[in-house]
Amino acid sequence: MALIRLLLIALLALPVAAQDRFITVASTTSTEQTGLFGCILPAFKKDTGIDVRVVALGTGQALDMARRGDADIAFVHDRPAEDKFVAEGAGINRKDVMYNDFVIIGPKSDPAKVAGGKDAAAALKKIADAKAPFVSRGDKSGTHAAELRLWKSAGVDLDAAKGPWYRDTGSGMGPALNTASSIGGYILSDRGTWLSFKNKGDLTVVVEGDRVLFNPYGVMLVNPAKHPHVKQADAQRFIDWLVSPAGQKSIADYKIDGQQLFFPSAS
Amino acid sequence: MNSTDILPLRLERVAFAAGTRMVLDAVDATFSAGSRTVILGPNGSGKSVLMRLCHGLIAPTSGRVRWNTGDARPAAQAMVFQRPVMLRRSARANIDYALSLRGISPRERRDRSDEALARVGLLGVAGSPARVLSGGEQQRLALARAWAVRPRILFLDEPTANLDPGAARQVESIVQSIHEAGTKVVMTTHNLGQARRLADEILFLQGGRLVETTPAALFFPVPRTPEARAFIEGELPWH
Amino acid sequence: MQDLALAFSAALHLVGGGDPTLLGIVGLSLAVSLTATLCATLIGAPIGAALAIGRFPGRRTAIVVLNAFMGLPPVVVGLIVYLLLSRAGPLGRYGLLFTPTAMVIAQTFLIAPIVAALTRQVIEDAWREYQEQLTSLGARGVRAALTLLWDTRYSLLTVVLAGFGRAAAEVGAVMIVGGNIAGVTRVMTTAIALETTKGDLPLALALGMILIAIVISVNAAAYAVKQTAQRRYG
């Protein structure tokens, strides 16, 4: 065991940003891949000198990582899962931060004839009835959870209706969009990832604006009572900054092609 | 009898079996200081195995290999093989390596290496990579390496079998020098001419049995056994 | 085809522009994989030599198992190291997860079996040639193993390169234990994976070409060293 300790200490001497003041945030692929963090985190670092290290995973994986104490903060978009996280004592100080919306993406040829509709659930019902190809993330992410809720409210029993038309890929938003693009299928995506996605192919937005597609993001501190090593002071500082006017403005200012992706919602 | 001298080496009913085949069968022999012993015999007679048993590279299946001091495997031995095996380093470094295995100090290693190289006429290529030397040069280097450790007994297993006559003569002359310096020489060969030139004593092996042990002066003119006679007469001059 | 052409010119632009982010990613990739290769060699080469020369019960089983471990899936190694280094795991208190150190550890586990198994083969072949002479000279056990390791150094260089190649090319292990954090644990392979998921395929291809070019350069340099040395030392 002493030898292992010696080896670990030797390896710890790897001189790569190991000495910076930093916190670890478990977040989702949608926030990372849209480039939001790349935009707002430097502003926070400039103000406070704290480096924010983001590990981007699906919501389920992010919360699991936070539960294990491998992160200081969880920043995800699945309200039921977040409430459960706080209820079980894994997280504290939950705050609303921002929202974006989901959109239903589909091929320009629109085999299920849903384009232009304003009712997301109804559109999904039509897709299921037409057995048009549909790509699901299937990865316990916030997007996946929202998709499942939509099927339910559309009255579609997925287990019964499932067939070759429903592609459960078990992947992140980007890879799922890649799949949809190559098979010409429908998919539920968050607007931010869609706007910054570079392989749109023949796909376009077919349904948007429905209130149920509203996608709120919440931030939580990993409970220091359960994980004493959590960097409570610095992490709380980040949470406070996110909901502060300065942080909220940073979020609102982030645009792709002139379009705002995320809308501040801290009250 | 000097009890700190590892010689004489005695083989007592030494046998070696490989699987079910009897490679050597009940060999009794004594190797004493001062004389050059040549183990003679046709291919497959067990000469190489006998050498390896004496040198301690393999253990006999039955019988005993007994050194005078009672050691199981004394350090004061060296062996030169038919194909020299050199390390990927310079000629001098190969000799230095052998000496360092015996715990000799760096300064003395350097002196002894140069001395050994000079004796075999290789001082000029001391710094050359050993593996790029010619076959004859490598074999002389192997002899230098063996000589440098000042062994009490030197085993040579068909040392000139792969060499041209000129290189072979050089090797023989070095072996003679080693003998004159006091090391006991034990050599195998299937070459009658070489045996005639170098041997004081002949051990004749055939089919795994030690058929004759005779002084060389008597072996060639008047072999005692029919097998030896057949071997001497059957051997062609250029073997 | 068009993607490839785009990618190639993107690659040239990236390299020519000396983009600091790219340089950081390349530097980290090399640092992690080279360090892991070094550690794996220090661990694997002696094990390989010991297996080649030593004789002990269970040796054949050990060799078969070691050869099998050459094919360890990187994601599995990553997962195991993640569980070990996670705060909830046995080595959690060192806080190594999501650091380059964790990536080095994971890659070391991944390629040590490769180095060990291939070293064993090289040393075993050499042992066949050297055994009698080394035993005759009085070199045994550890001394003999060290001598052989040095004498087969050019063949071992190829073995080390095989290990490095495997480390530089893998993404599963470093993704899980490193977390692909921008500026901290993002290496070439995880960057390529990220750009692919973002749908920026030309950029991903460009990064891929750069990675291949780097690996080829390392191999070419080592080959040249080996050739000159072999010509000089035999």
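In this document, chain identifiers A, B and C correspond to the written order of the chains, with residue numbering beginning at 1 in each.
Quick note on the criterion: a contact is a pair of C-beta atoms (placed from the backbone, for glycine too) under 8 Å apart; a residue touches a chain by one contact, two chains touch by 3 or more.
Note that the coordinates shown come from a computational prediction; the quantities given were computed from them, not determined experimentally.
Taking the CA centroid of subunit B as reference, the farthest chain centroid is that of A. Compared on C-beta pairs in contact, B-C and A-C come out with A-C as the pair having more.
With centres computed from Cα atoms alone, the innermost chain of the structure is C. Chain centres here are Cα means. That of subunit A falls 79 Å from that of subunit B. One finds 46 Å separating the Cα centroids of subunit B and subunit C. As a whole-number value, the distance joining the C-alpha centres of subunit A and subunit C reads 33 Å.
Contact residues of subunit C toward subunit A in the complex are 28, 31, 35, 86-88, 91-101, 104-105, 179-184, 194, 196-201.
Residue ranges of subunit B in contact with subunit C, taken from their complex: 52, 55, 57, 75, 78-79, 81, 85, 87-89, 97-98, 101-102, 129-132, 145. Chain contact summary for the complex, subunit A toward subunit C: residues 8, 11-12, 14, 16-18, 24, 29, 33, 37-38, 53-56, 68-70, 171-175, 177-178, 181, 196-200, 227, 229. Subunit C meets subunit B in the complex at residues 129-130, 132-133, 135-139, 143, 147, 150-151, 153, 232-234.
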